[in-house]
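Everything below concerns the one structure shown next.
Chain naming follows the written order as A, B and C, and within any one chain the residues start at number 1.
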Amino acid sequence: MRTKRFGVAAIALAAAGALILSGCSTGGGGDEAPKGDATAIITTDGTEPQNPLIPTNTNEVGGGKILDEIFAGLVYYDAKGAPVNDMAESIESDDATTYTIKVKADQKFTNGEPVTAESFVKAWNYGAALDNAQLSSYFFESIKGFSYDVNVPELEGLKVVDDLTFTVELNQPESDFPLRLGYSAFYPLPEAAWEDIAAFGENPIGNGPYKLAEEGAWEHNEKISLVKNDDYTGGRKPANGGLDIIFYATQEAAYADLQGGNLDVLTAIPSGALGTYEDEFGDRSVNQAAAVFQSFTIPARLPHFSGEEGNLRRQAISMAINRDEITDVIFSGTRTPAHDFTSPVIDGYSEDLEGSEVLDYNPDEAKKLWAEADAIAPWDGTFKIAYNADGGHQGWVDAVSNSIKNVLGIDASGDPYPTFAEARTKITDRSIQTAFRTGWQADYPALYNFLGPLYGTGAGSNDGDYSNPEFDQLLSDGLAETDLDAANKNFQDAQVILFKDLPAIPLWYATVNGAWSETVENVEFGWNSVPLYNEVTKTAAE
Amino acid sequence: MPSRNSQQNHFVAPLEETPLVAIDQVKTEGKPSNLWIDAWHDVRKRPMFWISSVMIFVIVTVALFPSLFTSVDPTFCELSKSLDGPGGDSVLGYTKQGCDIYSRIIYGTGTSLSVGIIVTVLVFVLGIVFGAFAGFYGGWVDGVLSRVGDIFFSIPYILAAVVIMSVFSAYRSVWIISLAIGIFAWPSTARVLRAEIFRVKNADYVMAATAIGVSRFRILLRHVLPNSIAPVIVVTTISLAAAIVAEATLSFLGVGLPSTTMSWGNDISQAQNDLRVAPQTLIYPSIALSLTVLSFIMLGEVVRDALDPKARAAR
Amino acid sequence: MAGYILRRVLQAVPVLLGTTFLIYFMVFAMPGDPIVALFGDKTPNPAVIEQLRERYHFDQPFIVQYLLFLKGIFVGDFGISFSGQPVTEILAKTFPVTLRLAALAIFFEMIAGIGVGLIAGLRKGKFFDSSALAVSLILISVPVFVIAFVAQLVFAINLGWFRATVGPGAPLQDLILPALVLATISFAQIQRLTRSSVIETSGQDFVRTAASKGLSRRRIVPVHILRNSLIPVVTYLAVDFGTLMVGATVTEGIFNVPGVGRTLYQAIIRGERPTVVAFVTVMVLIYLVVNLLVDLLYAVLDPRIRYAK
């Protein structure tokens, strides 16, 4: 009985899927109708979310990947990182300080509740309030009324105008604010969330292209099952029936599953397979630039690294690193040597900014600068780069240390900390006495996101305590510009200063390394290294 | 000894009326002999003993004087030589980082050997003390000692080592890593010994020793322990191997010795990343590890046979 | 007998307290603030950190945290993980998986270890004995992660005999490969122990008596030799079962087994104290029960051992 009924339902679903697809293709007109089974479930790799699935409390990729599929924010990012309205009808501002946001009518959460201006404002207020201690609360910092000192239940800068309209007032002009709105912290929440937020985090109700397959679809440490949300009408309409995100403890395990035919789409390649995966999977693999910048930071408070001497030494060290060779040998070409402080996928990126030659390998100049620094005060001791041993960094840290050691003729080595927690704590409380690994994955695709939070005076993630008033001025000028190109010019000029001071030594940009099985097609990776899952099609199982 | 015998006065005829004195005299005047001397006589006749001894001698020499065996600096690594094959200065080729494999193995010997030996000594001593007293005295002594063992054993040693190595991350050294591995590994040795003593302590010769009034502690030392030590030696020689391997596993988990310390464990755990493309970087240190382990196990095997009167009798 | 069991159960209480205290202290002493790590590479605002510390009682002194934890145990509340899941639920999901894996591994190593050890012991010094020694040496001297990677590469990916990792729900057939890998670790030990024990037993009077009585080898080997050789082996197997039950961190990670070892390792690395201590508590309980069963088993295997009172 049961199997029979299921069979009928499946056929009905498949038919419905076909209707939607054909409708889509005539409407869009561009692409040919995607082949494949509209009910097929795509399996892909992920990691167990470290926090409850609440948008403002998720800041790591494991949970973020799921939230991006089950929620729809005001905008989403297309493959190139350009924002496209999702729930927003319009986002407007004259002065880059006050924004008027209109929400599309007739949008629904999967429990039937309408998506309104209130859904956004309440969710943002919750995320910003100190008492709720949300991990992503800093995203609301720039909204008027935000405070780290007292609990503010309702931000002064957020005002509901009518059912579908609200305004946001910022502390200062920030022209890239609309760009940020696709980040998960800005997702709306239904009224149902406020009844029991803890329970909601376990079984979230969203408004995105997918929804949880059922109550308890999040099987901890194993997987989460998502199915297509038929109520979603935005631009990310799925061409498949759903997603099974399998949680892996190691990338090796996920890769083994792809090879063994148990996984459709793999989003990261383990280091041991970086040299071989492109041969093995051919055009079913990808190696493209990602919005991830990697570096190490030498704080000015270390002996020999302040003032003129410090700058000379930083430049010498930067020129002593053979980035081309390291990315080639250690990463098998799956990293791109850095030419600036941002990422090639970001609008406004430039490969030849003034001063960027300090990132080129130049052993003679490096030795010369090091000798000049030695003339100011002679060097002693070992140059160490701290890293967390649980993150697979040893290979490149050793290679960078060897490169510095061989060129400058000083002792250099890696300094591993067993856990990420320990390394981060020492960096955060400034007790670390060595250089240390730093990295930045963009929250939203904008140059400012790579600069402001990292090198602005007193900024949250300015772990090296860098401060340069000239740089700060260029940043705030850029933010005040409403014209994107003019803004980007300011951000590029700001980097010219960074090349002189080297608050962090840029190393390389990560690339997206992925591969997929023969059963799936139309796999495209977005700017944030995550595939556009809604576009993936899977041929029906034979 | 005479004072012990005099206690028997209560139960048997006066000494001078028995042949006991005569028997005792024959024994004490004989050529001095004990278990260890017997074992030595036995062991030196076996080729396996000499083979393993020579191997261990060589390994220890390498560990103590690595510079006699190579002139290449193991810490000089050039990425341009990454994974190059043997040739020129290099006997075995280069690692991914472009370091000389042979030289790293030579310089890593000392570290790996020290970890193995320190852990083994620790496990052996703690295991024997706890196991022997618990098994032999039984009752509340067994209760207390076995429960202490339980506390340490029920915490998985890899996890405990992770925690210990994290706590002492600033002082990571051969001693700390050995302590981290050893302190949670001894209960298994203790349990094996305890079980064996349970079996042995009711044997006829123990009863006999008790009957003639040998002190409890002396019985344990002279009769029970030698007769129950065989499985402990087997387990211990294997645990020497396990300790060297555990050092590699801890490196794999990121809590091993600092990467500046040369050790086979570090090299093996790094090489496993490139298992698919460059198995040689994994194979050579693994062979070094296997040979070391082999020589110690062979020695353990010989010593076990020699110490075990029953096995000796059977030959 | 009943008195003996009761005594052992009572002795379990201090062991439980000792172990949880020890592990709690160790995790507490681990450098690094787990709350800071929650923020990834981004540096959080101190005010937010304070709020979170309070939520997980991390602002309390060590002894208070430990007592709060003990109080929780008595009401059956092990706390919640950082991802908001009750720890009791995590326990209920992971332990059955590891139990299956451990049972399978023990089964394999018992069959192979005792079998090979027995034959090697009976044919001491012969070709089979030497080969068995060689194989166990190789297995001992290769770290388990290497064995696991090679096994996965060869048997799952190249030959396709098994799934490369354990699928959802951890079905038994997926656990075969990781179980085999786990079995190789202890195979050597069991094989050597059985061998030496068999050699020793074979030389004993009762075996010779049995042989001189004209009993067939088919009767002497299982009844007289094997039964009397099994005590150290059974001890080791039980100890090993305890070890496997507390999880095989490395193997579970490589084969993606959603079991105790992988979960606990991640909890330790992340500094999730409630999860860590709850797991260890349950582990100790399992370990104590297994040990008790072993001690009782001695009496069955060896009639000379009797538990007084």
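Heads up, the rule we're going with is that a contact is a pair of C-beta atoms (placed from the backbone, for glycine too) under 8 Å apart; a residue touches a chain by one contact, two chains touch by 3 or more.
All values derive from a computational prediction rather than experimental measurement.
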Chain pair, A-B or A-C, that carries the greater number of C-beta contacts: A-C
Core chain by centroid distance, with centroids computed from Cα atoms only: C
Cα-centroid distance, chain B relative to chain C, in whole angstrom: 22
Chain A-chain B separation of Cα centroids, rounded to whole Å: 50
Geometric centre distance via CA averages, chain C-chain A, whole Å: 39
Residue list for chain B, restricted to those that touch at least two other chains: 162, 166, 169, 253, 272, 275-276
Interface hub residues of chain A, defined as touching at least two other chains: 390, 417, 419, 422
Chain C: positions in contact with at least two other chains: 30-32, 149, 153, 269
Parts of chain A lying in touch with chain C, wherever the complex brings them together: 48-52, 59-60, 130-131, 133-135, 137-138, 148-149, 198, 201-202, 219-223, 246-250, 252-254, 256-257, 259-260, 262, 390, 417, 419-428, 438-441, 453, 460-463
Chain A partner contacts - residues on chain C that touch it in the complex: 30-34, 36-48, 51-52, 55, 82-85, 89-90, 93-94, 149, 152-153, 156-157, 160, 163-165, 167-169, 252-256, 258, 262-263, 266, 269-271
Of chain B, residues touching chain C in the complex: 143, 147-148, 150-151, 153-156, 158-160, 162-164, 166-167, 169, 187-188, 191-192, 195-196, 198-199, 202, 230-231, 234-235, 238, 241-242, 244-245, 248-249, 252-253, 265, 268-269, 272, 275-276, 282, 286, 289-290, 293-294, 297, 304, 308, 310-311, 313-314
Chain B-facing residues of chain A, complex: 271-273, 275-276, 322, 325-326, 329-330, 388-390, 394-395, 398-399, 402-403, 406, 413-419, 422
Chain C residues touching chain B - in the complex, by the definition given at the top: 7, 11, 14-15, 18-19, 22-23, 26-27, 29-32, 137-138, 140-146, 149-150, 153, 188-189, 192-193, 196-197, 199-200, 202-204, 231-232, 235-236, 239, 242-243, 246-247, 249-250, 261, 264-265, 268-269, 280, 283-284, 287-288, 291, 298, 302, 304-305
